[in-house]
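The letters A, B, C and D name the chains in turn, as written, and every chain counts its residues from 1.
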């Protein structure tokens, strides 16, 4: 059985496990105060070109989204997101559980546009009764999006500028950030993201780590953010587990290096699909490929390959997703291609 | 510098790391649905003698407490706990953050008594206005407690029976459960705990794992508990990380074996303290030793040994805590003794 | 200045004030346990033909929505509503503040259709990953809707039947229920509503009372609903204030009688608008009339009449709302007509 | 049957009802923006000698406590209160429902002392792990307390000064404030309270109104406080109901005048109880009298008088409470005395 169902089906990059073993019996202080966390933060600050950034390591994506968003919103505020945004759709209501509304915007291929955002904000503040409504308190985007698409630097800049104008923090969910940066179609660096957002996270779980997301506040974290992490149940006692992983990933550019593999294998697969006449559902430049399959084809293929069922396309077709990762072997892609 | 500050300062038991490496490139399904999670659950069901138990693996203690408690309480209910209970004191308000009050009971050495509990419940229901108050909806105990003390089987049975009488789930926080079971003063087995509680967890973080707590519902988990884990931000994508760890810990009795070391080293230290005339703050039969130190002594000792400052004893003395663990070396204890 | 801005700009029906004075110095027990509350409940049970209904009086609409919804949802559930539903749009996030998501459905003139609901539920349960999402736990409709429109009995029945099939409570927000029942286009009685819903409320604030909404559970209220009212801060100490008002409103059919005035005055105005060639934004059969006005006309009219600005229609037109109520004088409508 | 069970068993002062009738058909804007609210605020500002105060009218006490506290606390903060404080004990967990812990302090006759508060805060900040705990974010006192006792001006000043030192808002719950001010043993005026607190409320429900509490921020309300009132479900559509009541209560000193009656009748009763040899449970200088009754006496008296059962005193005695109010008739007190 070939496995293209998601990008978190393997363990960790071997260097990480190696490092865990080497440091295993060192006695380190808890809760992220150890030297490996410090070292990892320093390396991330450097690659993000934000020497004063406050950085925290959390365990997973939903947790990170809920913790960051609820820490930054005021009680009467909600978070603006694409209707397809992970926080709106696939996190079991984790944001609402903290008391805040997700304010949906329409999307195009998983992205919100600066214009949609601007219109929303203008309409809100033009309504004489806006104080009976949920105040927009933050903007959430994912990059890559849930559809594997990417914002251009110009788009990010434009959204950022609207946020600044309305004094709204911009939060970028980078669960798959490595794959976004590694895509040849991307013109955005980590330093750009640090420049144009108020907070973002660099995903570890889907990019080489066992678990872990690095939350970066390029300027300053909210007061007592650590206590809020604890309050959310998201503070790891053995913070070393996260520090060592990110320290390894940000040594010798490992994070970027292993990200490239996901792009190369995805590109190979995408080209083959197009060559064979398959219809892409949309053109994703990262590690997720969405393709329209005839139901019968899908069923047969499903017997030998694992992939994700995304949504119904029409009565006789489905959209399915193939995901690659840092760990995908090119030979598996080649074998998959022969099966298409 | 000797390190007796806590029981989570090392990494994991080497067998765990070994197993992570061996399984690293296997492609496994996510969110706790992999075969290692299954295998770990089966082993835990067996050692707990509850073949139908529902078992879930979460990442850390505060997270587990908040998730379990908020999943089991009704909206108008609170959780009864000793005033010293971890949930009441040291979790940054994680329970209240989910909307529920912690109903404090007075404690003796960290334990609540059946009588105190019974009195509380009787008084509550005798008050004609109880429906203007927070309903008791669950009882929380920790075992070992935050002071390292243990409930006897008779005490547990008695508390359990009151809970049954009032139809209240009994939840046992076993963050250090291995050390409780391993203590020679304990007459309680895992099977006893499964028999007398509605839900408990077996702590991994403090007993040999990198992270992870195994939540056991001896009879049945609340409906859609998995969705509530997700909603709390506590669902690990690579659930294998927890499954493999618990599978290892519950293979060949490893969990119990390594727990003994914490008890043996603690006993050695306790005996030496008593021999040298130190005053124990209370008599803990597990891996935490609370001792009253004269301030000057404490200061000098603090230059070569790390320990925890617990609380002020009087103007010239402090209570400090020495903690041992599965990983504490007897030679370190011996060196510490020479310094006392 | 003529006043058609909303339906809550006057005090209470004079009979209510009269009754408050007559009963003022009686010493009554608090929190809704007095004899006037009892009497009002009995009368409501009768007119709703549900002799075993549990009835509670709350103070206002948003409060009622938040209390009822959060009392009936499980922690992992959200409430389905039209995107235009009051709870989704105009209650400052009161539902999310209790931890629950509002699951938006598209609307037609403020109504959801049985088909849209059925599709939503089918799609949800077909998604293999639905346990990572917010479970639909309740359906909310308003009747009349925020656009003054009404469900037919057949439509209500159909929605109700889908809810029953999925075991979802159906909640009807009747903030303006009197005007819905009184409309000659309505084929729905209070008894019908009691038959087809799990809970609904009869609005007092907008229909003759100073404040107050009567929540009716035709079968049974959730356990300890009164405690949850208190917990929400919605329990009135002098419950008599609500009991006396509803007792008066449901004596000699007063509620229905005074509701008719809103319909008659609205009908008069609607006819005049059509006669004069104005374009209705939609055809509301109740007490709210939405009309498209040219911006200049609107501005001039606004100097002598108060009305609501609803939304932009196009660059040169706005949608405005005229609302009538139990207290609107026909002579004021006639004067308004001369100004159009 | 004589009625001394509580201080909210009658309707409203007749002047209030009179005023409601006179203004009933005036068309006024909603949500507290009408001229009567404005006028009431102006009068309250004057009597409190704080010309820039922000004032809001809410409906009831629990609601006010929950709204004010949750609006002023940061997410990681709790509110300090006496263990007997209404918010801790008798509000069904309304504070915790908003996500915040009530941090209990021991009390003396319902009051906290400056020393206890100071000790608590010092101990908190001395604990090296305080960021794993709930931050003290506000201090709540009730005046009169739940036991009818009063802070002296010196005590209030001292508590206020500690709060200022720690940058903690001080919130005074004045559900029975009129009776506190009217007591001859009080040396505190409304202006003093406005000087020494960050926010307080003037209780209407228990002092002459049908409902309503006036929340006074002597300096400034939190940003968007009105939206938070709405979010809590506490915003009254017909805000006039509250405005007219408080405007009446603060016209010609009515609030203070009617408060005196409660004190005079209570004093009369207290003197009689002492004369007849009854034991007071504590010496309350306001409108609540707590007396120790022999069980048999209590039972017999209960057949002709309604009072509150407070708590068990010993096996053969109970503490009961007699409450007077603005509406208590001296002749009823005299009749009660003959029955003692």
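Definition applied: contacts are C-beta pairs under 8 Å (C-beta built on N, C-alpha and C of every residue); 3 or more make two chains touch, one makes a residue touch a chain.
All values derive from a computational prediction rather than experimental measurement.
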Worksheet item: Any idea if chain C and chain D meet via the same residues, over half in common, or different ones?
Response: same
Worksheet item: What is the chain whose Cα centroid lies farthest from the Cα centroid of chain A?
Response: D
Fill in: Approximate Å spacing (C-alpha centroids) for the pair chain A, chain C
41
Discussion item. So the centre of each chain is just the mean of its C-alpha atoms; given that, what is the distance between chain C and chain D in Å?
Written reply: 33
Worksheet item: In whole angstrom, what separates the CA-based centres of chain B and chain C?
Response: 50
Worksheet item: Which positions in chain A touch two or more other chains at once?
Response: 75-76, 91-93, 97, 99, 131-132, 227-228, 230-231
Discussion item. Considering only the defined contacts, which chain B positions touch chain D in the complex?
Written reply: 75-76, 78, 89-93, 96-102, 104, 128-129, 131-134, 309
Item to complete: Provide the residue numbers of chain C that touch chain D in the complex, in ascending order.
Response: 3, 5-6, 8-12, 14, 17, 20-21, 23-30, 59-67, 91-94, 97, 205-206, 210-211, 227-228, 230-238, 240-241, 327
Worksheet entry | Contact set on chain D toward chain A in their complex | 70-71, 74-76, 99, 131-132, 135, 223-224, 226-228, 230-231
